[in-house]
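Shared between the two complexes below is subunit A, which has subunit B as its partner in the first and subunit C in the second.
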Partner chain A sequence: MVDINLSDAEKCYIIDGVKLGIRVDGRDRLDYRHLEIETGLVSTANGSARVRLDRTDVLITVKMEMDRPSPDQPNQGRLRFFVNCSANAAPEFEGRGGEDLATTLSAMMDRLYSSPYTLDRSCLCVVPGKHVKVLYVDIEILDCAGNLFDAVSIGVKAALWATHLPRIYVTGEDGGELEFEVSDNPHDTERINVSNAPILITHLRITENLTIVDPTPEEEECGPVQVVVGVTPSGLITALQQLGQGTFTTQTLSAAIKLTRELGMKIHTHLTAKLRQEESMENREIRGFL
Partner chain B sequence: MGSRDSRRILGPEKSVAYSLLQPPCQRSFLNSTNTRTDGRSPADTRKHFLSVGLISEAKGSSYVEAGNTKVCCGVYGPRDVQRGSDFKMSCQVVCQVKMSPFSCPVRLPPMSGDRDREMSRQLKNALESVIILDKFPKSEIDVYITVVEDGGGLLAACVTAAGLALAHANIDMYDIVVGASVLYHDKIMYVDPSRQEEEFEAKALRDPNNKNEEWGQLTVGMMPKYASGQVALMIQSGQMEANNLVEGLELATDLCTKLYNLVKKTLLEHVEIILKEEKEAIEGADT
Partner chain C sequence: MDIELACELPRVRAMVGPEGPQRPPLVTPGEIITHDTSFMRGHGTYMENNTQVASVAGYITRVNRLITVTPLRQVYQGAIGDTIVGRITKVQNNRWKVDVNSRLDAELRLVNIQLPGGEQRRSSLEDERGMRGLLREGDLVCVEVQKISNDGGLRLAARSSKFGKLSQGTLLGVSPSLIVQDKQRMHDLPCGARVVFGANGYVYVSPTVPEEQASTYTVNFEEVPVDVRKTIGRLRNCIKLLAHHSIMISPTSVMTAYDISIEQEFEIRDMLKPDVMQDVAITTVQAMNE
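Let's look at the complex of A and B:
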């Protein structure tokens, strides 16, 4: 996001490299950069995760609150996404500068999770028609070095996986008002089923009919148009949106959609395995921002 | 409610549209003779009506009707950038989609909602890759769309309306952009869905007993004749297999090509009328 000024020769070098199947950092067209995930590092939230994809750095927290359900969905909880682009990540984000990116990103996350199969919201219901749980997912962009959408979506899945919601018991009724008791036992918690939670994969069109995944900021400078595709662990496409100035041919789009399916299923398997591994570690030391 | 408009009386704050209290009507998409509720087959499009030049003050304007969906679009500019905004060597596109309060069965609040803003952003994104921005340095083109009625496939209709109005305003473009929408339900692709079909899908989703795993809606905005077909806007929501999505994309492309011919015909007719009027005016002046 920070201003990168590439000369035509430098752009040419990157684009010609991709045509030959070699990227500047030695990756293949469908390779991701090094990814780090840590969950449970914010003690004040019900769930949290930090994702670092090379220098891209995002922190995602999940907090639960109670609310009334919407009248047309009396037994469904809600999931709401908020994005904050910190001015630390890029000076352009100062003030209202990051608002455009933030709304695009939160709208994309809303669309990604809009299908009820991706996340079962009926388990967030406490009293049908009266009280449901609302999960506020706050996304903090700490550093932005390309491929923000993928990093955020992986982080959201990890944060939801790590979320522990305290159990809420209805203890009685007083004059029509229900009384609740929140369990104070830290181990008496509910988890969220994220086995169908989707992730996003961004394809950048770098030159005619050629796309790459996980672009670096330099590569993003070479090709302004990208298509963001959401995919579930079972390989279903749950959201798709074209971003940036520029156009795709239908053939390129079709190829990108099919690649997403293969790649997405692989990433989901790795992600789940790593999250399980982290959870099974005893006395895990939280590294946080050290 | 995030921000309240204090200048208007909004009515009782806690009122709820009565249609939400009704149980969802369980109708299937196709009736016994394999036609949709409005008598079409799944591959049929709705009736379209296009016209240009209905707003006299605008540089270019258009009116698009697709089934019950009615939108009108006005294009102003290119003109100087408004004071306070950044100076740029390429053109800036300002898009505003406004849904009128009566455009849906449920009344919409007069202030622009999330859906308006999201559609405006998506449309702006698409138009920026359609207009030749370098032709209008330091200037701004405003595209305003008013939705009179949302009868389904709204974003697609907005794209078509914007493309037509831009052409009417003589703005340089790579090609005219047209929009199309496809709905996937129960293993069948429904081209150009109506509002009932879109809503049916949304209601069926909330039913926890619904085991239908695959569904989705796809909106495409494309330039059919530019470099053998370029997609400027593609948005999908729902949950569908990659192969089905690719099939939907092909169907939407076909529909775009059909609409493109209609747009071209509308513009040609408009030019013919103008030429005729001019000729008559000259003849009138001579005599």
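Let's look at the complex of A and C:
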């Protein structure tokens, strides 16, 4: 994603390390780097989260609007993902440079949440067939040091968890048009049930039959092909996409999927516990960007 | 995988520098330094309406009537004789372009390198054709600054057996202002690794190589054994944590941090966690002050 050009010697050092089971920074094949998370830092949005994974930095905000439902799903709300790659993350993102990555990312998120087993969208319905809530999820890539997909998907889950939607009451009807009242009490809100919201886990095939998770940009440079797997807390695989040119053997792929299931369930439990802990804190100081 | 909440993490604070009244005053760009016109204008300042104003963020240094502002962080400027580490970005006619963490890419001419075999002769057309055989895009080189041209670009030279292509290992980029000025830039540390502290902020950690192999343009692709990798990984993480806490990087500070991390029995991958990083950094500073 970010342009770095490694010498053959460095690549050799990285790949041999994976074969021997010790990566350049001392991690195992299945170790993640340190992940830092904060929710509710954007006061103007309905929900927000910021995720940092080493130097990778993403900010996710959720905003709600009212719209008509799509004709084939009259009583389901909608989720829309928009990705913006800041030129601060990498000089290549300047102008329209980040557009390809942004499209891939938002398509992947769309696909991840398109499964009916991931998020119950009927709770976003206000008047069936007429008015539903649409959640606009804006993903801002502030810095990029590898493994964007995992960081973004974890951030989206955290932001949806932290989303408080104002309650909307139908107060009456005026000439066929419904009248609404939006509750202005900041505590009269609804939450979204994210207990089934999925996350993505990226597996980078670095050499024959060996995959690693949470690759650094240097490692991404060594392995041309990645497979991104979406998994729900119950271990259900909801999305799968290959990125880059290259091939996986069936054994490698099925091993990666199996691993996603184990790893995904662990991450989900851990993430939920942490989000609960953050919510239960009283007078939490918001760190933000300072 | 460990997920942490941003509000629980320790704040990063500067660990060095004099405290209290001896601390030199800090200025930001645009801040007025003095209204007294009898002072001379030095680097990092400019005159505006008969007042002297800072043009960079940094500490004020005063020598007799000359006021300069020493910047805290700066892009590598280059000085003749500096040993630096760079990455080849382009192969051109008779010269290579090298990324040296500076404003402009530096230039390394074919005539300024020692040709393989160590023989002293004029470079021929044959050499010119085989330039990519010596150094390709992405290769890392250890070179010396020979000259600074008028536009601020650097001209490099590798006319001695200690300079040349770097073989297997890992590159780290830190702020150039953190690298301690030193005559000797290449160190074979007692723990069994070779570290090149490039004056431009690029630090290269690699296995110790036997003297006769040190300067050739061929790379050894032999597998690096696990215990050497562990040493390199630990050193890498030590240098990273020192840079993160703005501690000057020198062989002494790196070895101190290395020994402390072994003494306190931290695993290499644990040294990616902020709390461990801070622990090691504080202990290192204390040990260095004794």
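Some points to look at:
In this text, the second predicted complex is superposed on the first by the 288 of 290 C-alpha atoms of A that agree within 3 Å, B and C clash if a C-alpha of one lies under 4 Å from a C-alpha of the other, contacts with A are read in each partner's own complex, and residues count from 1 in each chain.
What we mean here is this: a contact is a pair of C-beta atoms (placed from the backbone, for glycine too) under 8 Å apart; a residue touches a chain by one contact, two chains touch by 3 or more.
For clarity, every value in this text was computed on a predicted model and none was experimentally measured.
When both complexes are superposed on subunit A, subunit B and subunit C sit side by side without a clash. Contacts of A:Asn283 after superposition: neither subunit B nor subunit C is touched. Of the two partner chains placed around the shared chain by superposition, subunit C is the only one that A:Asp28 touches, whereas subunit B remains out of contact.
Of the two partner chains placed by superposition, A:Asn185 touches none, neither subunit B nor subunit C.
The vertex angle at subunit A, taken between the C-alpha centres of subunit B and subunit C once both structures are aligned on chain A, is 110 degrees to the nearest 10. With both structures placed on the common chain, the touch criterion links A:Gly235 to subunit B but leaves subunit C unconnected.
In the superposition on chain A, contact of A:Tyr13 is made with subunit C only, not with subunit B. In the superposed pair of complexes, A:Ile267 makes contact with subunit C only, with no contact to subunit B. Looking at the shared chain after the overlay, A:Thr44 reaches neither subunit B nor subunit C. Contact with subunit B, but none with subunit C, is seen for A:Gly246 once the two complexes are overlaid on the shared chain.
Minimum Cα separation between subunit B and subunit C in the superposed model: 13 Å.
Overlap of the subunit B and subunit C interfaces on subunit A: none, as no residue is touched by both. Residue ranges of subunit A in contact with subunit C, taken from their complex: 5-10, 12-13, 16-17, 19-28, 31-38, 50, 52, 54, 154, 218, 263, 266-267, 270-271, 274, 277-278, 281, 284-287. Subunit B makes touch with subunit A in their complex at residues 16, 20-21, 117-118, 121-122, 125-126, 128-129, 133, 205-206, 208, 213-214, 216, 218, 222-223, 226-243, 245-246, 249-250, 253. Those residues of subunit A whose C-beta lies close enough to touch subunit B in the complex are 71-73, 76, 103-104, 107, 111, 114-118, 122, 225, 227, 232, 235-250, 253-254, 257-258, 260-261.
Across the complex, subunit C meets subunit A through its residues 1-7, 9, 87, 89, 136-140, 166-171, 219, 221, 223-224, 226, 229-230, 232-234, 236-237, 267-269, 271-274.
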